[in-house]
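Input: structures, listed below.
Both complexes shown next keep chain A, but they swap its partner, so chain B is in the first and chain C is in the second.
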Partner chain A sequence: MAAAAAAPARSEVLSLFRSFLRTARQFSDYNICEYTRRRAADAFRENRALADAPAAAAAFAEGKKQLEVAKRQEVVYSLYAPKSKSIMEMKLQ
Partner chain B sequence: MALSRRILPVLLRRVNGGGWVAPALSFSAPARALSTATAAAEPPPPASDEEESVVVKGVRISGRPLYMDMQATTPVDPRVLDAMLPFYLHRYGNPHSRTHLYGWESDAAVEEARARIAALVGADPREIFFTSGATECNNIAVKGVARFYRDRRRHVITTQTEHKCVLDSCRYLQQEGFDVTYLPVRSDGLVDLAQLEEAIRPDTALVSVMAVNNEIGVIQPLEEIGRICKEKGVPFHTDAAQALGKVPIDVNRMGIGLMSLSAHKIYGPKGVGALYLRRRPRIRVEPQMSGGGQERGIRSGTVPTPLVVGFGAACEIAAKEMDYDHRRAAALQQRLLDGIRAQVDEVVINGSMEHRYPGNLNLSFAYVEGESLLMGLKEVAVSSGSACTSASLEPSYVLRALGVEEDMAHTSIRFGIGRFTTEEEVDRAIELTVHQVKKLRDMSPLYEMAKAGIDLKSIEWSQH
Partner chain C sequence: MVVNHSITRQSSRPTPHHPNGPWEVGPRGLVDPAGRRYARGPRGPAASPFSALRIKPWPRGPTYPATFLPFLSPIAVTLFALAAFPSLASVPMASIAGSALSFARPVKAINVNSLSFSPTTKGNAFLRLQPVPMRFAVSCAAKKDTVDKVCGIVKKQLALAEDAEVSGASKFSELGADSLDTVEIVMGLEEEFGISVEESSAQTIATVEDAAELIDKLVSEKSS
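Up next, the complex of A and B:
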């Protein structure tokens, strides 16, 4: 666990963020897709200011855990996606 | 995005021959590889709207409506679902089974959830008892306390804007010989503290005032009410179903003796709630469910582990996200209000604006008939009045208690804004509402007369 206290590299953080955005895009539910994108963006923006390494490492680990949850749920949601899409998605097309 | 959505289920069935594979790593690569190959081969999907539109009650809607009825219920947060699923799959034990792993792990999960819920309200885990929902909690609190102390206490105080289950429980107590005082509220929905203090008698068993009203979103002054009740030595019960996870609750700071909590209002599953019962000083209740004595005898029956775990997860998420969600809800509410008011006049907000939870906006549109407004808003899921009273034709008793006139009470619409509501949804709701209100007002002779300056109350309608 001592190794986990090192702050993540910038490329790692960016890669995690991109994974979040990719997973968010794949959600079949309009509201969850938008929420994931928005919340990830806000969380990464907020944590950008984290100065000390252990806090940054903890936030990064938490982010990775949340990404796993998002990926699992994206699959579950797609398995049960309703036939008719939300009104919001249809007009956007 | 649409293509990968079609590809993914097919892919899962192939890979999934024996069992479930670890999600993240195995799917990202094959999905991309396969999708490029198939993109050329598969014909474009049919452009018809037929299969996508929904016909409900004779009305064709082009897609699923946008959801703005968060006070009726909330969608389950994906993180909550993620926490619950293992308990529907392989961890299906009964938490009260003491003899094997299934029972032990189930019990551990229940206790962890209990601790999370307690942490959100500043309580001890031993003070949290799981029930089937806030309605059951309200029943236990009102009837249970009154009956336990029936020898020495014969009086209960509540307000006129409480949830139907509290009012109905009080009516039930009246039949058993208790006195009940239904305190009126001011026109902004808040309870008058002086009236409350006057109403408390030496034989008052309980004061029940809900924290956040489900219809108008008004926040009652819990700290002051708690202080008054503590001074007079009367237990204070609050129905915090709409308040949990949205406004900060501290049972000690607010002097709360009993509290009803509900999971499905904070992005948790339906069918579970929790009752907070203070230990110091101990509040005793008479149990309403007889059985094996689970939950320390307060509520018998198997504790539903998956639901309880979901409730705990929802509370943990709410604790982290409360500020973020609150800020967003406030901004979206302002956007909704400004957007509607910019295009439509004679819009009245029901309930105080200062003491309000921002995710609940109850508006009345003058000179518009309520049912026709709702019928025209089929693409937005909103409600008028509360779900509990919408079966009957009478206007909402909460709005009546505020002193709202009957015609305005009939045209009230409740917009619910939640964690997953987007700006685009709010803009669309504004657009649809304004369009419908304008259409109805164009047809309304009353609006014409009002615009011409005629005072409608002075008109003597001819009798037929």
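Up next, the complex of A and C:
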């Protein structure tokens, strides 16, 4: 990567996080859905206090790549959806 | 050997599913290819212990609710319980007096079963009456129901105590939520209410009241 882009704006970061959560919601497998949410929240929280612009821009680019990965995996997992819902997804009777 | 000749379909030839010939349905039950009858008719095998003993397991018909009343009179219940588990003598009789009100209307089958058919569980509360919370809908900018649900989701997301002060006017930042928490809260609200919040509107949510109003607007738009 030749020139580091400028630091992403706050709204861009939040919308990236939102897209992660939306993609996580579409997973048919409860475990992967929960993992995606947790991992995204952890990663964003960890990189929350990045001060300098290049580091923040690098983290943002990494996040975008991971979002692409998650979207591809969502397509693959939907081909092999589990037949029954996980017990964690069932409402308490 | 009884063979039913009145069946008109051509079923006596062997088919791939029934190499010896198919089973036929006669008037008194199934008939196998050899002509033996497998029936639950008069002299047929008993379907269940109850039918063999000729006991009806449960009273049927229009008197269905009323048949419980003599059996479940409070005195009979008390005597039965004290006889079955004597350790319950210390159970306050107020619970029985309180549950006596419920016998005026038909009792759900589940509760009756727990009383009479499971004597092994000790210390049964005889009938647990679930109190229904009364909700008074106050019409203000956002519905109270919505605000309550939003507060519940916020508390769960931020891991606040159950009795924490979360009202309509509390800001997310005051409750200790950063912007990432706000995004997660908004996603939780989307899932709970089945709506889809726009990017721009999501950025402007700052208090519980804002969120509740937005939700009401989106829900009414969706249903209209």
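Just so we're on the same page, the second predicted complex is superposed on the first by the 85 of 93 C-alpha atoms of A that agree within 3 Å, B and C clash if a C-alpha of one lies under 4 Å from a C-alpha of the other, contacts with A are read in each partner's own complex, and residues count from 1 in each chain.
Just so we're on the same page, a residue touches a chain if its C-beta (ideal position, glycine included) is under 8 Å from a C-beta of that chain, and two chains touch if they have at least 3 such contacts.
Just so it is clear, the model here is predicted, and its values are computed rather than measured.
Because the two structures share chain A, they can be overlaid on it, and in that overlay chain B and chain C fit beside each other without clashing. In the superposition on chain A, A:R25 makes contact with both chain B and chain C. Shared-chain residue A:S11: touches chain C; no touch with chain B.
When both complexes are overlaid on chain A, the residue A:P82 reaches chain B alone and has no touch with chain C. Centres of mass aside, this uses C-alpha centres: at chain A, the angle toward chain B and chain C in the superposed model is 80 degrees, to the nearest 10. In the superposed model, A:F44 lies in contact with chain C only, and not with chain B. When the two complexes are superposed, the chain touching more residues of chain A, out of chain B and chain C, is B.
In the superposition on chain A, A:Y35 contacts chain B only, with no contact to chain C. After superposing both complexes on chain A, the closest C-alpha pair between chain B and chain C lies 8 Å apart.
The contact surfaces that chain B and chain C form on chain A in the two complexes overlap at residues 25. Remark: chain A residues 10-11, 14-15, 17-18, 21-22, 25, 41, 44-45, 48 touch chain C in the complex.
Those residues of chain B that touch chain A in the shared complex are 1, 4-5, 8-9, 12, 23-24, 27, 51-54, 61-67, 75, 78-79, 81-82, 85, 324, 379, 419-422, 424-425, 428.
Residues of chain A that touch chain B in their complex: 25-26, 28, 31-32, 34-35, 38-39, 42, 66-73, 75-79, 81-91. Residues of chain C that touch chain A in their complex: 178-180, 183-184, 186-187, 191, 199, 202-203.
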